[in-house]
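Just passing along the structure, written as structure tokens.
Should a chain be cited, it is by its letter among A, B, C, D and E, assigned in written order, with residues numbered from 1 in that chain.
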Amino acid sequence: EAGEKVVTAAMDQAWDTMMPLNTTSNYTRFICDQIYDRLTQTNADGSIEGRLAESWTVNDASDAVTFKLHEDAVWSDGEPVTAEDVVFSYQMYSDPSVEAKSRYHLEYIAGVDDSGAELSEDSIEVTADSDYEVTFKLKEAMYPDTFLQDIDTVFIIPKHVFEGKTAEEINAPDLWANPVGSGPFIYDSEINGERMEFTKNENYYLGTPNIDRLIIRVVPSANVLSGLMNGELDLIGFGSVLTDDWETAKSQDNLVTESVPTTSYTTLIFNTQKEYLTQEVRQALNMAINRDVLVNGLLMGEGTPIMTPIAPVSPYYNDKVQVQYDPEKAKEMLAEAGFPAGQTLKFFISSGSSITERCAALIVQDFANVGVNVEIEQMDFATLMSRMLDGEHDLGIIGSGGTLDPSESREMIYPESSCNFCQLQDTELSDLIDKGNAELTFEARKPYFDEYQEKVVEKAAMGYLYTKNLLTAYNKSMKNLNVADFNCLNWSSWEWDKE
Amino acid sequence: MKWKYILKRILIAIPTFFGITILAYFILNMAPGSPLDALLADPGITPAELERKRVALGLDQPVIIQYFTWLKQLLTGNLGFSYSTQRPVAAMILERLPATAILAASSIVLSLIVSIPLGIFAASRPNSGRDYFSGGLSMLMMATPNFFVGLVFIYLFAIVFNILPSGGMYSSSGAHTFGDLMKHMILPCLVLSFQQIGGWVRHMRSSMLEVMQDDYIRTAKSKGLTKWKVIMKHALKNALTPVVTVVGMSIPSIVGGAVVTEQVFGWPGIGSLMVTAINGRDYPVIMGITVMIAAAVLIANILTDVAYGILDPRISYK
Amino acid sequence: MSENTGILLETKDLSKYFTAKKGLLNRNPSVVKAVDHVSLSVRKGETLGLVGESGCGKSTLGRTILRLIPATEGQVMYNGEDILTYDKKKMWEMRRKLQIIFQDPYSSLNPRMTVYDLISAPLEVYKVGTKEERREMVEEILQEVGLDKQYLNRFPHEFSGGQRQRIGIARALILNPEFVVCDEAVSALDVSVRAQVLNLMKNMQQKKNLTYLFISHDLSVVRHISDRIAVMYLGSVVEVAEKAQLYSNPMHPYTKALLSAIPLPDVKKKRQRIILEGDVPSAYNPPSGCKFHTRCPYATDRCRQEAPVLQEVEKGHKAACHRALELA
Amino acid sequence: MASLLSVENLQVQFQTKKGINTAVDGVSFSVEKGRILGIVGESGCGKSVTSMSILQLLGSNARISGGSIKLDGKELIGLPEKEMCRIRGNDIAMIFQDPMTALNPTLTIGTQLMEPIMLHQNCGKKEAWTRAVDVLKRVGIAAPEKRMKEYPHQLSGGMRQRVMIAMAVSCEPRLLIADEPTTALDVTIQAQILELMCELREKMGTAIMLITHDMGVVAETADDVLVLYAGKAVEYGSIEDIFERPKHPYTQGLLNSIPRLDEDVELLNTIEGTVPAPDAMPAGCRFAPRCPYGKDRCMKEKPGVYHAGNSLVSCFRYEGEKE
Amino acid sequence: MKKQKNENVSYLSEVLDKLKEHKMAMAGLVVLIVEILMVVFLPMILKLDPYTSDYTAFSAAPGGAHILGTDAIGRDVFARLMYGGRTSLLVGFVSTLISCAIGVPLGLVAGYARGKAEAVIMRIADIFMSFPSIVLILVLVAVLGPSVWSVTCVIGVLGWTQFARLIYANVLSVSEKEYVESARAIGTSNFKIVTKYVLPNSFAPILIAITFQMASAILSESSLSFLGMGVQPPGASWGNMLYDAQSITVLSQKLWIWLPPGLALLITVLSINFLGDGIRDALDPKIKL
């Protein structure tokens, strides 16, 4: 098949499953995004745009959303995509006997519990108003963007394929193996752990893709640049060029490079329950960190120092919060707070990332400068989380992808959370977020989040370090890529073209 | 006679096999992380959901019970389901097996093709230039860490010379031909073979030197055979017997080397599955792979014995 | 038990069977009857020679007598007491009196021990004397076996075969044993050295009033050193007699063949040789009846079915052959 | 008439880490057609080295540093390897001491037996097979066809030595070198093998070089005897001369130190001392330190070879006519 | 008579003599000794600091204050090389010691006592040997948490099988030797037989195994570092220094970051292997003086 336009996109890790909602992996979500469709998608600037939904309306009470679907959307087996498919998908996902690890994305919809599971058979309040109209009833009035962003990874599956199947059949991978979808590409073949290949969906309602064949390959991050340089790869679908390689990438003639600011952030976790890590001590330590060196040393400048989880790209960013660095003052504060001399802090980090290791090494040095001893302990990620939840650590490093919606960071700072690594026992911070979330407009929400950011610095439950830019590169022959959106799980691959 | 012998070897291998499963299972369960911890990576997950999973996966049971549940499954030919993908472990392994098998097999073949002649070459004139050459070469090969050779090769062959792909199994364009696969396998295979070649050359050499001292070599010479005929017809077969053992015993380390090599080259085999599974605490997958590797090693051991028997007629006689 | 005149050691139906376990599948293990109901007696102060072809069980018999390997059945009477029934402690004490000299002067001495360590080891085991006394004893025996005391700190590999064998003899004799098994003690030595060692052994026997069980496959050596001689074939003793009787008038066909097969270093005497057909049968699968019948030129049906017992044919001359008298 | 094999002044040296060691020093002898030459001597005296140097099978650290080896008048020393290969197994064949290890355990008897036949007789597999079976029959192996397909470990020691002999005589060599062919065997089997060798000599007229340390074996089989001591020939003569009228003190001592079946002695005669180590050879006569007649001169000077009766002796006591 | 000169030549000193003549082995030994001296003393003498970043010099080329340059976050490569050497050599030595300490007694018991002990020990060894050690190491290190000591212990504990098997095989053959029987004949106790007769005569091959185990332990540590399970940051080992060479930029343009640890690793492993080779030759009775 000469003259075929083949595009190869690299990912640095493999997807884990083909079941759209039964994963916590963004790699899987990219795969699903080619095969299936979702109602809306979120762009890097926070704007929300329709996918399967041509448009949507929010009712006045702001507790129901009605989507109008594209009428020319068809499944790859020729059946039309209708509101019934949407209803069926949500009903199926909310069925607790169906495995769906990310079911919590349904949590705002009426008729399900906090985990997103239905209260009774098909109690989820998603209803088809007509063939192409579907209404979501929400539990309570809320800021609609929060809801829309939350369901933007819920993929719509064909009712006619799954109807009448038992939960057991649905949980088995066989049904998902040769997917019928409505997305821009059609599943063709897979080499598990190495690649998945797709052919274009001629009938895609947003326009036939320009490329004939899409290959998603798993490439270890150390090899991505090699592949791009010698033309084996066309673009980085998800993941980044190694910081060490950035200069080399930029100097390649055949590559376009872009450094995209993102919402992802890296944070130092303090165990707030340790008696020697009082708020003053934490503030002092936070102040002892030389974030500029971190950004320049680790990220070669491709990032921004931060004090809060809200990145400068976010509309909620509070530019009044200043990055603090004052080792002298930190020393004084430590002395004042009576930080026990000779106390060595246990610093947990995960293994396998040289950036994390280097970051930890630099922080250790910063703390040593103010007279605090730190001992690093490295473990794999699963162990790290489990031990931090048990509160064995003094310090830890965690990275997060972040979202444009500031409430994302709430998961790490309220007492019952399964990610409460800083062991916070009070709800002062999360209350502020809840208050903000209760408001229905951006303008009303903003002040709460501004205050939240100031409180974050004061409370110093975590020492937010930096946000790092997405360092991406693609072949010059690739056209119409919006790499900025890639970080929002959003390729818009049907628009891609290759010369 | 021979079949009985093989059957006997299989019977001996069975307790070893179960020993391995027990060892693996309990070591795994000593690990501080639990399969549920991997789910924590998604901040949205709720404690209720976690608890439901725990019960669903049987993790609320004591380890011993879990082991026997697992063992019962195993005996019915079921390796269980992956915690992370819900797919049958057997299917996942089978999917990855060919990649590792072809890589390991070609590495063994390559290592043999290189090391046997090189060993003979070295032994044919001990303490000569050729001996020092192959000795030095094999030492060097043994002294370099796999992963590092891999990185250097990628840099050299994929970037500087740009003649070989940097990783993966197939090129992007065109059909998945065998030739394409071979081209992608050259580097990983080479890297994986480094350690073996180094070791085997030395074994081959010393085994050959030893055999060349034997009386029957002198007999063969006294019959008027030329040096190379003596080596090829009389010495080689005898020299190979100890090497066969070494080759058989190298299987675990080849599999181990494959873990690293697959990581470096993005080769979709058992090794990379293993690393993913260890990181994700996907016990059924880890156990499945362990069982599979153990079975493969035990089979390889039996094959070694059989090969031994073929090479040395005295064995099968007993 | 009556004190039989001068008999120091006597084996009664002593047997040693080795079983080669064939493992899981093969239920009936194969048995080698290395020593099969052997009854022999050794008088005090004499040398009993034990000859036979390789693998016939000579060494096994020697080792079983010394309890270096456990017997399968039978008794070993030493001064009228069955030492096979001794407990560990008692046996340990008994070992002082029972010693062995091995065949291979290269593997019977621990290469990591000096001559002094080697020879004094038995003294240390039995805590004999003080350190100085031990040294004196070692030097004395060293002189007796014809080695210079300057060698005390050397290692075995620095000696020739004959010297090593002397060290072995010194080690065996330092505790003043009564009974010594010499298992092919001179077989590995060169002719010229062998004579030296044989002479030494004879001297020591006289000096220390030793009793020897002298195992060898070399009939001329056995003849030289022994008073009486026992001939073994496939685990059984087929003939026992005084030396002179045996050599001049062998009764058993095997002994006859054996004697005639020895090449003599003499060009004048050309003898009529009896050349036996075939090989020694496998010990795993010995023939029925008389074990020698497969190679015996005089074998009859009776020989094939019925195993002969060792019985006195003439005074002091026992043979295990149905036709012994007839052929004599 | 020229002898079949004549060795003159053979000298073989080994390069060792301690220096050069002359394992065989000036040995001369000859083998006539159809006769048996016995070479006797104690362990390490150079018997094997002498025999191996004839076929040039010594290791790479050995060097024939002097003398000549002529087969039918043709000099073998310095012959190219290719031509040597044509002689080995064809004109001169060899039998080794230990039949357990001298046969390749991984090849069938047939394969090993057919090898020299195919190599030297220019014949195909089939013919080689029939010939091999023939030879096996000749050396007295029952059911030779069956044995051809068996491996060495399936045969008894005596049979293995017969196979070795069969292999050696398969190309009807003119000279057979047997290096201690019976040492590893039992007396009864030894008698069989010696009988076989004498028989073959009679039938095929092969000359035999029989190497042994057993004086009895030589006495019963050889026509001529060469006595070696520490790499030197000390006495060379006919079997009667050597056994009836031994001249060299070493030969005398050797014969006297053997226990005899026909006479009783309380103590044996002995030769005092031991064979000198290769790196500590006496400067003069190598036997001098052990010799009952040893004189100062013996310690310092090397004796030549002298005629004494019909024998050649290397001892100053016979320094009459120098050879 | 045979050797009038050297009075007290022990077997060991003879072996040492032979070893001294082995040029490569001697070269290896010298390199190792120099290396050990360097990593032990140079950091003290030069007051090297392997942890502190020089903020003014990230990934700086060799020269000036840093003779071998600095790594990605400005730490002195030479200092890390020395400290890394301590770690790598330590892992090599100690883990081999552990392997020996476990394997030798077990092999001895299995070989000398035979019977049940033999069956159990050798079966367990089989189990360990049929297991790709890197997989076991990965899991075990995950269990213990990666650190120099856990890596050392795990590598050490898993290495016991080869020592056990080696000793076992040797003990079996040594036990057959007549001098063991001779010891029994003079009434020597079992304990003494094992310690004085069996062990000293079975130990020689262990020396060779020790060197090869040491080399492989050092390599294992570096592979573990590659898989992120090696020595803890900010600690240095040659393995985790090499790990930094993962990017092609470093590989092709920042040679000073990976070349020193790479060479050090190579030279060390080579030296150890050469030494092992030499010991093998020295112990081989076939290679006579």
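Here, contacts are C-beta pairs under 8 Å (C-beta built on N, C-alpha and C of every residue); 3 or more make two chains touch, one makes a residue touch a chain.
A quick note: this is a predicted structure, and the numbers were derived from the prediction, not measured.
Asker: With a step meaning a move to a chain it touches, how many steps does the shortest path from subunit B to subunit D take?
Answerer: Graph distance in the chain contact network comes out at 1.
Asker: Out of every possible chain pairing, which has the most C-beta contacts?
Answerer: Counting C-beta pairs in contact for each chain pair, the top pair is A-B.
Asker: Averaged over CA atoms, how far is the centre of subunit A from the centre of subunit D? Could you give it in whole Å?
Answerer: 89
Asker: Measuring from the mean C-alpha position of subunit D to the mean C-alpha position of subunit E, what distance in angstrom results?
Answerer: Each chain reduced to its C-alpha mean, subunit D and subunit E end up 50 Å apart.
Asker: What is the distance in Å between the mean C-alpha positions of subunit A and subunit E?
Answerer: Taking the mean C-alpha position of each chain, the two centres sit 45 Å apart.
Asker: For subunit B and subunit E, let me know how many angstrom lie between their CA-based centres, rounded off.
Answerer: 23
Asker: Residue numbers in subunit B touching 2 or more other chains?
Answerer: Residues 31-33, 151, 154-155, 159, 263, 278 of subunit B each touch two or more of the other chains.
Asker: On subunit D, where are the residues touching two or more other chains?
Answerer: 274, in rising order.
Asker: Tell me, which residues of subunit A touch at least two other chains?
Answerer: Residue numbers touching two or more other chains: 222, 226, 352, 379-380, 383.
Asker: Show me the residue ranges of subunit E that touch subunit A in the complex, using the header's touch definition.
Answerer: 51-53, 55, 58, 72-75, 142, 145-147, 227-229, 232-234, 243-244, 246-250, 252-253
Asker: Under the touch definition given earlier, write down the residues of subunit A that touch subunit B in their complex.
Answerer: 4, 6, 8, 14, 16-17, 19, 22, 24, 96, 99, 101-105, 107, 113-115, 171-173, 191-195, 215, 217-220, 222-223, 226-227, 229-230, 232-233, 352, 379-383, 385-387, 389, 400, 408, 411-412, 416-419
Asker: Which residues of subunit E touch subunit C once you look at their complex with the stated criterion?
Answerer: Going through subunit E, the ones touching subunit C are 1-3, 7-11, 177-179, 181-189, 192, 196-197, 200-201.
Asker: Which subunit D residues qualify as touching subunit C in the complex?
Answerer: My answer: residues 42-43, 156-159, 186-192, 194-195, 213-221, 239-240, 243-244, 253-255, 257-262, 264-272, 274-275, 290.
Asker: Can you tell me which positions in subunit B touch subunit A when the two form their complex?
Answerer: 31-34, 37-50, 52, 84-88, 91-92, 95-96, 99, 151, 154-155, 158-159, 162, 165-173, 263-269, 272-273, 276, 278-281
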